[in-house]
Amino acid sequence: MKKLINDPRAVVDESVEGFGLAYGDLVTVHTDPLFITRADAPVKGKVGLVSGGGSGHEPLHAGYVGKGMLDAAVPGAVFTSPTPDQIIPATLAVDGGAGVVHIVKNYTGDVLNFETAAEMAQAEGVEVRTVLVNDDVAVEDSLYTAGRRGVGGTVLVEKIAGAAADRGDNLDAVAAIGSRVNANVRSMGMALAACTVPHAGVPSFELAEDEIEIGIGIHGEPGRHRIPMENADGITDRLLEAILTDLSLNQGEKVLLFVNGMGGTPLSELYIVYRRAAKVLAEKGFTVERSLVGNYITAIEMQGCSITVLRLDDEMIQLWDAPVHTPALRWGI
Amino acid sequence: MGLDADWAMSWLRAAAAVLADQRAYLCDLDRAIGDGDHGENMDRGFQALLAKLDEAPPATPGAALKLTAMTLMSKVGGAAGPLYGTAFLRAATALGEASELDGSQVAEALAAARDGIVARGKAELQDKTMVDAWTPAVDAARAAAEAGSAPLQVLEAAAKAAQDGAVATDPLVARKGRASYLGERSAGHRDPGAVSTALILQAAADTVAQA
Amino acid sequence: MKKLINDPRAVVDESVEGFGLAYGDLVTVHTDPLFITRADAPVKGKVGLVSGGGSGHEPLHAGYVGKGMLDAAVPGAVFTSPTPDQIIPATLAVDGGAGVVHIVKNYTGDVLNFETAAEMAQAEGVEVRTVLVNDDVAVEDSLYTAGRRGVGGTVLVEKIAGAAADRGDNLDAVAAIGSRVNANVRSMGMALAACTVPHAGVPSFELAEDEIEIGIGIHGEPGRHRIPMENADGITDRLLEAILTDLSLNQGEKVLLFVNGMGGTPLSELYIVYRRAAKVLAEKGFTVERSLVGNYITAIEMQGCSITVLRLDDEMIQLWDAPVHTPALRWGI
Amino acid sequence: MGLDADWAMSWLRAAAAVLADQRAYLCDLDRAIGDGDHGENMDRGFQALLAKLDEAPPATPGAALKLTAMTLMSKVGGAAGPLYGTAFLRAATALGEASELDGSQVAEALAAARDGIVARGKAELQDKTMVDAWTPAVDAARAAAEAGSAPLQVLEAAAKAAQDGAVATDPLVARKGRASYLGERSAGHRDPGAVSTALILQAAADTVAQA
């Protein structure tokens, strides 16, 4: 394993420290327990947004803390959900009196830890609502699983719910728009090569030179199945078909197309995937109204990509376009 | 050795030692069907517990289990943190202020722990989770206790059943937790949480036996 | 070689096409010959900025086309400088009557091709000035080399000169501020693992599990020397020392600290490098006034990083902070 | 075969063929001390040239070289594009309207090409660049021409000297071009541009010989 790290056990702490040094004008890093808030938290009268999960998905979540998006991010150990004793103080720290929304990706660990934290924060007098994100169509038969995972759609939920909170929506309204985004978003990912968790020191799985994993999550876990290598257009068609089958868009509907890199894939390749996806969507009669291309929710240095499609309505477009000022996403300010 | 506070502390220290020792093995199991961190998570939690036990040694077995619950809840994270946290908390509540445990108290504490895990995680038997170790352990412990066995025999029965239960997860297709995302591909691998359960229970039995 | 591509020979065309589809509101992609301009080019009365070079460094250069930065980008084949017959029409297309500045990284190929293009564009009646970027301190004895390479500093030159053009500076003034940035910026890079050029299909060089390359450029070429693996702090100290020795800052001077990923390194690791670099600069009595952390000038999927330090003056800070709206760098708008 | 326009076209087609054939080899040489694209660049340029030659066959050797210059300049990119572009342009200018070349015209065209490369690239002998192939080629060609040799012998002398010059770059430390960034590490490798020069000149001689 070759990584730009010092002690494998110190990766999260040191990385967050560096992040805090680079973005000290935007965020405050709290240690013991570890969480990150907006520098100006709590914002009085505004609904607070808290998200979190294992580390290793950077810029998610800390990179989305700032005006128009999250009020706090709670990073766990690498690929391990954070604990209630981090989530609770983060929740209290960003409550501006209007309550707090937890945005939780649907993994057993995240769900259980946020659930406990929400109960305890409520006991401390903060109203909490939870938006569960479960957009991964790779998990087909959710009756026999822990349910669909939360993946790329999380970024879109955080942006749009964040904008709703920023314009003054109340607690239930912010949670409702977050859930509406989740209901209209679908994702699917693939890997060319696995990532290496620092404390493990070996790749999470081994792929031969002519194999790829389809239907991966964001934790370096193996995917639903392994297939022979395909070219970018073939891979794109495969991911998109799974998404569209599930989303069942109507002709003429507007979508946001999000092509995401898993961390070790160059931007040039993401553009090649975007090219195909945009063309296929157009051919099928859908309108790509907004787009996002880049490394926004990653699995350390995994090579691969995910595609996310969000069915847009006018309010979502307006909230997507609303100003945002975070380390990783910024416009209008 | 009587199952008093000192025993509880010896047990938890032995559990910490065996989890540290098996860290890489548990990670390997988790890498095959999960995200490879189970050993790391358990080790982090039990190392933190060692420090707490030194700071303020608990006065009863129940207090020791409550401290364990709180520490695991705040240090382990992932699915295992809240599940083991709840398990130890329910067991502590079941034991109350008892200063030394008999066989049926041991069995009831194990049952309370298992019920807590099921309440939190909603897993059923054969879902390929730690429940597949806990439930046979509870059944074996209860049978031993009802037959009037001493605490050592109750714990030994529980540990052996947990270990058999862990082995029996090999062919199962996971339906809960991260391994469930793999579908059929999860078959042929052992569930890491079931194995850590067996290790912790074996440490409990060993601590009595070696006293 | 596993990449998200179709035909290895079509990588640049398809990638730029996807880029154009994703950012159609900001840029226009011209084909045959291939170059990219601002959607609203030429901007009347404004000095035009053109940069270019081999492809494979994304988001450089096309990602910096837009208001407040470049007017045109000219992508060559992967790691191969573009040709005059691309540079000339790009130059003509963005001349708003106030002349055009070429920003050229100091590589023999780029220099020669831009030189020829500048001559021909002048012959067509467009005033051209050239800003040469050569910030790489890894190239020590420039008497015996083609001179220092242009690397990370290029991004800063493009931003700051772009802001000068945007506020209405004339041709000589824009070129002068570009050269002033170049005179005050130094960079050095390293690689943990090489990249694979698509048409080659094999890595540019092989590194053992315990070796790293120090003093690499951005074209997948080997570096100045190969050393045993070090931790992130050690690597950071090494790069920073070479930079500071050359830049000779005075106590209390303000700097911009730019930690750049080479394409395959996760953000989390860049933060760990940033952490150390920011601490060392502070300890030495310099003020990190602005910073930039991320993948801004890459070598496809190379794993590694570069550090860039720019000595700031008040005008540079003002121009750095000025609004910019491009696919890859955006603030204030 | 006389060195007329047909010969020039045959030569350029033969050069395109050998560069296509040696594409991977030239890339390998460039990967060792540069960025691995020299074979790709030359092949791209000469393939484009083939298309142009078919479209509008030039009427004189000079016109063929001028077409080559323009095509390489616009299709090769990198350092090699402008350098070969200038070389072919200067050679074309030196030949003027001549319809068939004698030995001394060949030698002077080679000298003009070399001078163009030096004017653009500022490399000196022993800087480990294509100049280390061109300059011995020019010297050998001139010597042969002055001795009254036929064009075939002039080209053969040039090609052999270029090839020897390319081999002689092996121990050199590069001082120009991308290889110079490697410093001492560039020694022990052959310069790709010197090799492509030798291949192109050998194709010129072979085309006369095989006619």
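For the reader, a short list of remarks on this structure follows.
We call the chains A, B, C and D, going by the order they appear; numbering starts again at 1 in every chain.
Basically, contacts are C-beta pairs under 8 Å (C-beta built on N, C-alpha and C of every residue); 3 or more make two chains touch, one makes a residue touch a chain.
Note that this is a predicted model, so its numbers are computed, not measured.
Looking at subunit B and subunit D, no chain is in contact with each of them. Per-chain CA centroids place subunit B at a distance of 55 Å from subunit C. With centres taken as mean Cα positions, subunit C sits 29 Å from subunit A.
Separating the CA-averaged centres of subunit C and subunit D is a span of 32 Å. Counting only residues that touch two or more partner chains, subunit C has none. In terms of inter-chain touching, the protein chains here are arranged end to end in an open line. Put simply, subunit C touches subunit D in their complex at residues 33, 54, 76-85, 107-109, 112-113, 115-116, 138-141, 144-146, 149, 197, 199-200, 204-205, 217, 219-222, 224-225. Listing the residues of subunit D that touch subunit C in their complex gives 27, 31, 33-37, 40-41, 44, 73-83, 120-121, 173-178, 180-183, 185.
For subunit C in complex with subunit A, the touching residues are 2-6, 11-12, 14-19, 21-22, 55-56, 58-59, 63, 192-193, 209, 212, 229, 231-233, 235, 263-276, 278-279, 288, 291, 293, 295, 298, 300-301, 303-305, 330-333.
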